[in-house]
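The structures considered in this document are given below.
Shared chain: subunit A. Partners: subunit B in the first complex, subunit C in the second.
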Partner chain A sequence: MQTCFSFAVTADLQNLPAIHHFVKETAAALGVDPAVVTDLRLAVEEVAANIMMHGYQDEGGAVAIEMEAAADKLLIRLRDRGVPFDPTTVAAPDLTSPLADRNLGGMGVYLTQQLMDEVTYRVTAGGENELTLIKQGVFDSSKETSWANAHQR
Partner chain B sequence: MTIWQKELDNQIWLVGVAGRLDQTLTPELEKTLNTLLTANQFRLIIDLSQTIYINSGGLRCLVAAWRRTHQQQGNLILFGLTPRLHEIFAMVGFDQVFTIVPTQQQAIQQFTAND
Partner chain C sequence: MSADLQIAVSQEQGRVPVTVLSANGEIGAHNYQQLQDQANEAIAAGATDLLLDLTHVSYMSSAGLRAVHAIYKKLEGQPEMVGNVPKAAHFKLLNPPEAVLKVIKALGFDMFLEIYADLAEAVASF
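And now, the complex of A and B:
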């Protein structure tokens, strides 16, 4: 059986700590390796901050987050009704250009993609932006082993 | 959770970041660095040994200050990064542009060796 945890906040940067708390607590409940939690937190924070500042242009709205464990993958979905934006189309920054000239926009998006194994975007049937962050192999290996053993019996 | 600063010898300033370099501390770091840069202090060393987290806003703040030091033939040198923090810098390619050294002493030598 799959368990899905959901949470929603209004689009205000002051709510980022509440999102952190949700990610941390849910990751623990799902048995995610604690060493990965900081990565998840950073990725979710970058996405949520982008939605709040650019998607809603600081005018507020709702940001919904869902976390779900599916087989060996952790899925984190963020939904909003701000300006449609597909971060997966943002070009990767040119890491070889001199820092003095480099445009620093899009760094949060790039960082998110580096931290996660997969990032996908779609517009839902209800017209929401939905960004899905996927991380593989994040579950505590001791639990994974016991799960595998249970299935072998 | 604090930003602290200290004047060293040879016109070098040391700035420390203890805590999370995200929206909680980045505004304070930005203010501290801007004050030093406005006072024509372009030899800056940043102690990140007590920095437990950084997001893109924190990285941008450091780059902005780095640029201003370089425009004046100075530098902004980082030291004491935890392996995890170093990985974050590497993900965005910043490990190749910032001068990053293990200790404060090595950071100071980066400036004094060229004096």
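And now, the complex of A and C:
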């Protein structure tokens, strides 16, 4: 059974619905627990939108996404050739600060880190930015067809 | 206009007139501006008290909360102090589903925005 799926779009926010569709369909194909699909969609959107708006500074480029099942973990990798940016170094926003005093935006990285178990960044040998999102224990044990179950037998 | 988000505008009368924005669909980075534009239009037309009905919003990313934040900033010159927390008096939320409430809470917006489960109660609170 296929355990790794990939997809690529040009860096345009109007392609986000296509990315959501890919995440939903792939999660279903890999047997991911439906209860965590929204978390995956949120994390991928936050990262992809940042790449499109800031990485490529609205000038376009490619955003590649790969989803892979590995034992009980789901790995999602996003690659781009925009301005190098390590979101794991971004300081968390002060959530106790009144909304009137807070600047708009800047919440996506924090939300991604809250939703995922692990977020790592590296520059690949080919010079791409690669952000890996890891979510543990996402496979729905009630689904007989899931890859995780197939490997537990 | 994004195909995956519709926003209807209606009026309710409580102690003051309340403009209700009822969103239907998903709110993400590709269409949050639509919500902000619709709210700006209502405010420009004279709305001073606004209720955002999220009953039929099945998904909202941080971009949706960016729009919520922008609306808050437009309507709340001087938020009312409830204890020592400034709570919005002119902009409130109605009935966010669990998946949307999770994001609202994760980003700490629930501390500063009143969230109602019932339309009549929400309207009466303004």
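Heads up, the rule we're going with is that the second predicted complex is superposed on the first by the 137 of 153 C-alpha atoms of A that agree within 3 Å, B and C clash if a C-alpha of one lies under 4 Å from a C-alpha of the other, contacts with A are read in each partner's own complex, and residues count from 1 in each chain.
Criterion: a contact is a pair of C-beta atoms (placed from the backbone, for glycine too) under 8 Å apart; a residue touches a chain by one contact, two chains touch by 3 or more.
All of these numbers come straight from a predicted model, not from anything done at the bench.
Q: Tell me which partner touches more residues of subunit A in the superposed arrangement, subunit B or subunit C.
A: Subunit A has more residues touched by C than by the other partner.
Q: Considering only touches as defined above, state whether A:108 meets subunit B (first), subunit C (second), both or neither.
A: Both subunit B and subunit C are touched by A:108.
Q: Which partner does A:119 contact after superposing on A: first (subunit B), second (subunit C), both, neither?
A: Neither: A:119 stays clear of subunit B and subunit C.
Q: Which partner does A:16 reach: the first (subunit B), the second (subunit C), both, or neither?
A: It touches subunit B and subunit C both.
Q: Regarding the shared-chain residue A:45, is it in contact with subunit B (first), subunit C (second), both, or neither?
A: Both: A:45 reaches subunit B and subunit C.
Q: Residues of subunit A that sit at the subunit B interface in one complex and at the subunit C interface in the other, please.
A: Shared contact residues on subunit A (touching subunit B in one complex, subunit C in the other): 13, 16, 38, 42, 45-46, 49, 93, 95-96, 98-100, 104, 107-108, 110-111, 114-115.
Q: Provide the residue numbers of subunit B that touch subunit A in the complex, in ascending order.
A: Listed in rising order, the residues of subunit B that touch subunit A are 22-23, 53, 55-57, 59-60, 63, 66-67, 70, 84, 88, 91-94, 96-97.
Q: Under the stated contact criterion, what part of subunit A meets subunit C in this complex?
A: 13-17, 20, 38, 41-42, 45-46, 49, 52-53, 93, 95-96, 98-100, 102, 104-105, 107-108, 110-111, 114-115
Q: Which subunit A residues qualify as touching subunit B in the complex?
A: Residue positions touching the partner: 13, 16, 38, 42, 45-46, 49, 93, 95-96, 98-100, 104, 107-108, 110-111, 114-115.
Q: Quick one: which bits of subunit C touch subunit A in the complex? Just the residue numbers, please.
A: 4, 26, 28-30, 59, 61-63, 65-66, 69-70, 72-73, 76, 79, 85-86, 88, 99, 103, 106-109, 111-113
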